[in-house]
Structure formats: structure tokens, C-alpha cells
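Chain lettering (A, B, C and D) follows the sequence in which the chains are written, and residue indices restart at 1 in each chain.
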Amino acid sequence: MINKIVASVADALAGVRDGATVMISGFGGAGQPAELIDGLIEQGARELTIVNNNAGNGDTGLAALLKARRVRKIVCSFPRQADSYVFDELYRSGQIELELVPQGNLAERIRAAGAGIGAFFTPTGYGTQLAQGKETRIISGKPFVLEYPIHADFALVKALKADRWGNLVYRKAARNFGPIMASAAQCAVVQVDQVVELGALDPEVIVTPGIFVQRVVCVPAHIARAVA
Amino acid sequence: MKRRTRDQIAARVALDIPEGAYVNLGIGLPTLVANHLPRGREIFLHSENGILGMGPAPAAGAEDWDLINAGKQPVTLLTGGAFFHHADSFGMMRGGHLDICVLGAFQVSAGGDLANWHTGAPDAIPAVGGAMDLAIGAKRVFIMMEHQTKSGESKVVRQCSYPLTGVACVSRIYTDLATIDVKPDGLHVVDMVEGLSFAELCGATDAPLIAQHAPAL
Amino acid sequence: MINKIVASVADALAGVRDGATVMISGFGGAGQPAELIDGLIEQGARELTIVNNNAGNGDTGLAALLKARRVRKIVCSFPRQADSYVFDELYRSGQIELELVPQGNLAERIRAAGAGIGAFFTPTGYGTQLAQGKETRIISGKPFVLEYPIHADFALVKALKADRWGNLVYRKAARNFGPIMASAAQCAVVQVDQVVELGALDPEVIVTPGIFVQRVVCVPAHIARAVA
Amino acid sequence: MKRRTRDQIAARVALDIPEGAYVNLGIGLPTLVANHLPRGREIFLHSENGILGMGPAPAAGAEDWDLINAGKQPVTLLTGGAFFHHADSFGMMRGGHLDICVLGAFQVSAGGDLANWHTGAPDAIPAVGGAMDLAIGAKRVFIMMEHQTKSGESKVVRQCSYPLTGVACVSRIYTDLATIDVKPDGLHVVDMVEGLSFAELCGATDAPLIAQHAPAL
């Protein structure tokens, strides 16, 4: 019997090595797998490349991972925020590498990794600093930039419910990067509020089929740290 | 001459958004436009983080932090709205499915180039978000900004000095002084605030302007 | 008030011009918009380019459109079937042009059109006749072929339910090409079994948001011709 | 020597499919494999037309024509199965998420090239379907075919004479005579039917073979 549910956050994060590329879902607090990030700090892997839309807020979550000096490089679209002081300091002092990617190119590069696309021409960023040095091409009279997929060793994803096959549904705008990150990682680790019986998720409604999910850990909402 | 307030600029933008339009309002100033859309006119607001049919802010105490907009503020969902993931959301933008997006700007050039993501200051931490996708994706890109910087420099310029967000992507500019169309032959003034002369507007503007009803060259 | 529901199949197909590119959803009979295809025959547009997974079966549906000599070219992955005699005869006598596309490249090219991608590198077809003359590239040691998007003037799609904003849900494997074709066409025309009130479709469950849909026509299942 | 029947080839393939595998069975001969998967072993069958967790054929009279497999035959969905659209379905293949696909073939070459979509006959109507996507997408590609054509020609060849489906994509070949691994140094015999000698197998095979347990070169 296949059962992707693991007993603890520590089990869920077993095997993350130094130097790994780790995707983390979420847009602001929505869809951020807070307990998995805490678990990653505890797990101890260093020299990580993190792929996330942002670069952490305040002192918790991704910011805490940065503060613990576990991150060599961050790939994101919007690092600067009112309370991104941990990142800001590391960046200004040259202690973290930043690859800044327009948000839609970030999403499409992650999706391309999951879907086996070798590279794609996107109109986004053409003629800007963020396309400097990149291959460009005019197609049907419109200018495009060539972008490459972003693969990951691990994806840490927050979803609402899972079954033992790893089928997932999400909640509202907390869906954001979850489905594409799960598809782009060798090992997708998912934190859910609730594990349900096989068959409890309508096959028409499953957003991430279990094929994209390797490990699921249940962190009930009343235990999960509130993120805002 | 009385400059338009921020809310008056937003109201002017709202006038140009027809029923049935799919619209993305950028973070900051453009968010104000939502308050000025006429009630009863069905307009579909898109949020980059996977929402179509975004509604107004919830009542205090009713916030749902899984239901936020691109600026990470709590919002609501209209009846008939839908959720989707990030690749699908940006596919909507890049694929030209949005009729209009409204963005703020540091500068817009005579050719419709947009600069709104980076001041170019060497110590500034860059952040781009979805701005570059919106700039090239929507059928029409509306810019909403003050006509001049606080120190009085024109933000409607011959060439952008700030790093670009998109090339030749702006359709129309709404400022506290005027509404200006970006056309292949230059910047056409659509309207001006009461009491402002065309000569005065030109004086406040770095890029050359074409007066309303001026004959096409 | 926005209402994308039109009164008749004829209204739904208004404006299809000679020479148009028309996508038609369906894989076998599942998801095939049979009444819209009949309506297209009646509508009369000629010299069409049709994009579909197949090239028609028996004498009905797409085969009937071909038989009526309305199709100049067909873009598909699997034209040859036990009962594809209408296509077979036209093809053998040089009366129809065929662009044969591996099914996944077909799906991805349609998706690329909807998502504004200018072109993409796919591994599928590399080293085969179907990649002859196409640009290739080795990326990270793997060979890829460059493929371009397929845009359409119209998409004829079958879904299960729609509301007046054009939000859609599908039924089982009848979903197939529907969502991506709706996104790739200037005008997506959808035939549904049932129109429901706005709000009756759960926002978590809507597969095609209304932004991709221009016209909806209701053909209740008890009226619709059975397709197998 | 007794050749394996089609069902015996299918049963042999089924032996190599472990619990938890995500598997696509191509149309035609490979469909038989489903009948030989051990009950109680959870295996996830993928169908290109947007199904994961495909179950067996329904009882007569219970067919649902919205629930068909790639060969357009009615199937069922297991508890825990899911539906998705065509771009997502082929993303699963191309993205390397399937552990195994099983395909029929006209020819397989010593280098693992596959020919299974077109006889090359000038009057043949070509049709490719999802074969090229499966050939390059799955982690392991299993080929299931008769060892020789009806006229006795080997289908395991030095070089394919038929048009290719994929280059260097085959992992393992299952025929009515033998099971053969495609490795960088050549074709390794894994097993043969009882009573067949290695020399006889080589006689029935165009491509050079490496005997079971032969030392690696």
C-alpha cells in the first residue's frame, strides 16, 4: 500500500543536503509552509539556493533561515519589503547572492522544469536590465528573451488537504506557487492542515495529482503558527 | 489651476474602464482605482497571485490571510470569482487576456517606455514582482502618476533615465495635470485640468506634446 | 451585466470567416462539441484550418465538416483511425493538407499560444521525421527541437457547466484539450450541458475561468447527439 | 522451445513494475499488461488524455464515454484517481514524472532507437499520437513486441529502417523469445524462453547480443 504521509516534519525533510536547491511556496504568508521552513532550519543543511517569490519578512520563516546563514543564493522576484531587513543586511554586505527574476518568468521557469521544457522565449523583461546578456529573438515581429527552467532538489509546499497518494487541494490564493513547485522538484514535501481518506478528494477537483508529491506531513491549523 | 488629487486621478482612470473588462490594478496608487469603479458595472479584477473576480477589502475582523492581493492586503472574492496557480495567472497576463492594467511609474517616455521598478540608485535593493509581466502583457497599459517629482522634474520624459520595466508598452498616462495618449507619432493630450493651458502643460513636461484636436502630422 | 450565454448555436458561431483557424476540443468522442461542429457546417465558412487531436470518424462531426469540403488544412496528432475514411480519401487525393504534430507538442503549442510564449524547446520528436527542418539545440546535454505556438481565431469547446461569466467545469476525461484551446483562441465558443447561476461553481473548482471564454451556448445532454 | 504468448509477454512485463510506479501503457499490445498487474500492488496508471489512477474496463452496459483511455476504450477510475487537461498530462510525461511507459514497436535498434509510428510506406497515412512524447518522457521505456515479423525478420536491429519515434530512448525489450536490456555497451540478454539457446536467439536477432552473465567489456 502506498502511503506518502510521514510522521513528522523531521522525517519530511530527511535528506536535504548542503548545497541543495529548495523551492518554497507562498506569496506573502499565504501558502507559506512555516513549519517546514522551521524544520529546515533545525535540519541544518547549509549553502542552500532558495527559490521563493520573496526573500523573507521580519525574523520568522524564510527570514529566520537567512538569519541562520543557511542560504548562499536566493532566486526571487520581490526581495525588498517593508520588513525584509534580514535579507537587506545580508545583501548589502555581500553575504547573499540574488538572482532577481520577473515574477511571471519565475513561475514559467518553474513550470518549464516540471513539464520538461528545455527553454522558452518570453516577452517579459525584453529591453530591460533583467534581460542583459540573455539571448533575444524577434518572433512574428515581437521581441522575446530566452529563459531556462529552474529545477529543484526539494520543494516545500503548503496545501490544505492531502490523501495518502499525495493528491492535493489548496485554499484560495494560498495555491499560488505550490502546484508548479511540486512539479519542478525531485522531492516535493507538502505540509497540509488535514489528511483525508483516499477518495475524499473529488477527482475533478484535485489540483496537484499525487504523481508530483513524494512526502506529506500533517500540521493541523490549530498547531500551525499563524503567518500574516 | 487645481491639480487632481490621487483620488481624482483614480476616478479619471475608472472612467475609461468599460463593463466586462478584465483589469489588473498594480500595487500602490493604482489600487485606489477599485474605489472609483461605478457600482453595477461588472468589471473583473485580476490579482497576480491567482485571483480573478477580486472584491473589496473585507470588514475589520473578517480578514482571511489566504485571500490577499498583490500588495498582500486582505481582499474578498466576488460571486463568480475563481482561483488558479501562478503559472496560469501569469499566462493570463503574458497571453494578452487582460484588457487593461493600471500601473504606477517613475517615468514614461515619449515612445511609451515605462520605468517603475528601480530607481537605479547603486545601493537600492531591486525588486520587480509582476511589473514587467503586466507591462508587456495587458492589451492596454494605463499609467497613473504625479506629473512631476516632488522637486518639480517631469516624469513624462523624452527618454527614461531610470532602468526600464518595458519597452514601448504604455497606452495612456493619467497624471494630476492631464491625460495623455501614447501614439506612434507622439504624445497626444486627451484632457487637462481646468485652468491649465497647453503651453503651461508643455512647460511642466519634458517630452514634446501634441495638443488636443491638433491635426495629425 | 455581463452575460456570455448566447441563445443558439448559430449565434455562437457568428463571424467565423473563410480561411479562419478553428480549434475543436475532444479526444475521440469525449469532449467533442458535436452540435457546434454541425453548426459550423451550417454556418458555411470555407478554407478552414482545423486543429484537433484527430481527423474525424465515420460520417459525422469533424468527418462531416471534411466531407463538406470546408477544410483546407488539418493540424492533428492522430488522423489515421479505423473509420477515418473521409480524411483518408481527401488526404490520398491531395485535397487536404496535413500538419502532423506529436500530441504533447500539439498540446504545448496550444498552451504556449494561450500563455504568450513565443516559442519553446521540446525534447519530443528530436531526431525524427517530424522535426525535419526544425531548429534544434542541445541544452544541458539533452537534445531539443524548437516549436512555435498555435493560435486560433475560434475554439469550439465542450464543457459540462458554465455560468454567465463563462466560468467552466468539465466532465472526467472530456476535459482534455478544452482548457488550453479556450486560452489560445481569439474567440472561445463553448457548448455546455447546463448553464448554472453565478456562484454555483466553487471558485476552487473552476477549471477554465471566464477570462478565456467569449460565448457559451447550452445544448442539454438529452438534446445533444450521442457521440462515441 | 515455446514462444511466449502475448499474455505471457504482458505477464513478464508486469513482473518488472513495482508498487507505487507511475506507468503509461501504450495502445495495442501494452494494454494487456494491465490484466497481469498483481492485485494488491498499488500501481498508478496514467492515460495521455488526462487520467491518473485509471482502473479496468467497466462492466458491459456501464460504459461512460467521457471516461476512455488513449485507445478510446471505456475504462474506470480508481478511488484516488484524478483528471487534468492535455497540457498538464503531457507535462507529466515530458517532465520525467512517469516511472515506466510500455510501448509496442516495429523495430528497436542496438542503441535503443525506437520505431513504432510509421512503416515508411509512401501511401501510408501517418499518425503519431502520444508515442514520441512517451518515448522520450518516461524514466524507463519498456518495449513489448514479437521478436520477429511474420515473415521472420528480426525486429531487434542494428539500425532502424523504419522512421524513428525516438532516439536512444529504450530501456528494456520484452519479446516472445527473450527479455533484453539496452545498455551503453549494447544489448544484454536478461532472460530467454525455456529451451532456447543463446546461439539460437542470436540467430533470430539482427543486432548483436551480449549473453546473460557475460563479463562487462
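Heads up, the rule we're going with is that a contact is a pair of C-beta atoms (placed from the backbone, for glycine too) under 8 Å apart; a residue touches a chain by one contact, two chains touch by 3 or more.
Nothing here was measured: the structure is a model prediction, and the numbers come from that model.
When you check each chain against chain B and chain C, which touch both of them?
Both-contact set = A.
Between chain A and chain B, what is the gap in Å from one C-alpha centre to the other?
29
So how far apart, in whole Å, are chain A and chain C when each is placed at the average of its C-alpha atoms?
Distance between chain centres: 33 Å.
How many angstrom between the C-alpha centroids of chain D and chain B?
About 55 Å, centre to centre.
Out of chain B, which residues touch more than one other chain, so two or more?
Counting only residues that touch two or more other chains, chain B contributes 77, 83-84, 87, 90-91, 93-94, 137.
In chain C, what residues contact two or more other chains?
108, 111, 115-117, 122-123, 170-172, 203-204, 207
Which pairs of chains touch each other in this structure?
Touching chain pairs, listed by label, are A-B, A-C, A-D, B-C, C-D.
Touching chain D in the complex: which residues of chain C?
27-31, 77-81, 84, 87-88, 91-92, 98, 100-105, 107-108, 110-111, 122-130, 143, 170-180, 207, 226-228
Can you list the residues on chain C that touch chain A in the complex?
Interface residues on chain C, with respect to chain A: 108, 112, 115-123, 137, 139-140, 142, 144, 148, 169-172, 202-205, 207.
Show me the residue ranges of chain C that touch chain B in the complex, using the header's touch definition.
Chain C reaches chain B through residues 1-2, 111, 113-117, 163-165, 167, 183, 198-199, 201, 203-204, 206, 209-212.
For chain D, which residues count as touching chain A in their complex?
For this pair, the touching residues of chain D are 19-20, 22, 42, 44, 46, 52-53, 77, 79-84, 87, 90-98, 137.
Chain A touches which residues of chain B in the complex?
Chain B reaches chain A through residues 47-51, 64-68, 72, 77, 83-87, 89-91, 93-94, 113, 118, 123-133, 136-137, 163-167.
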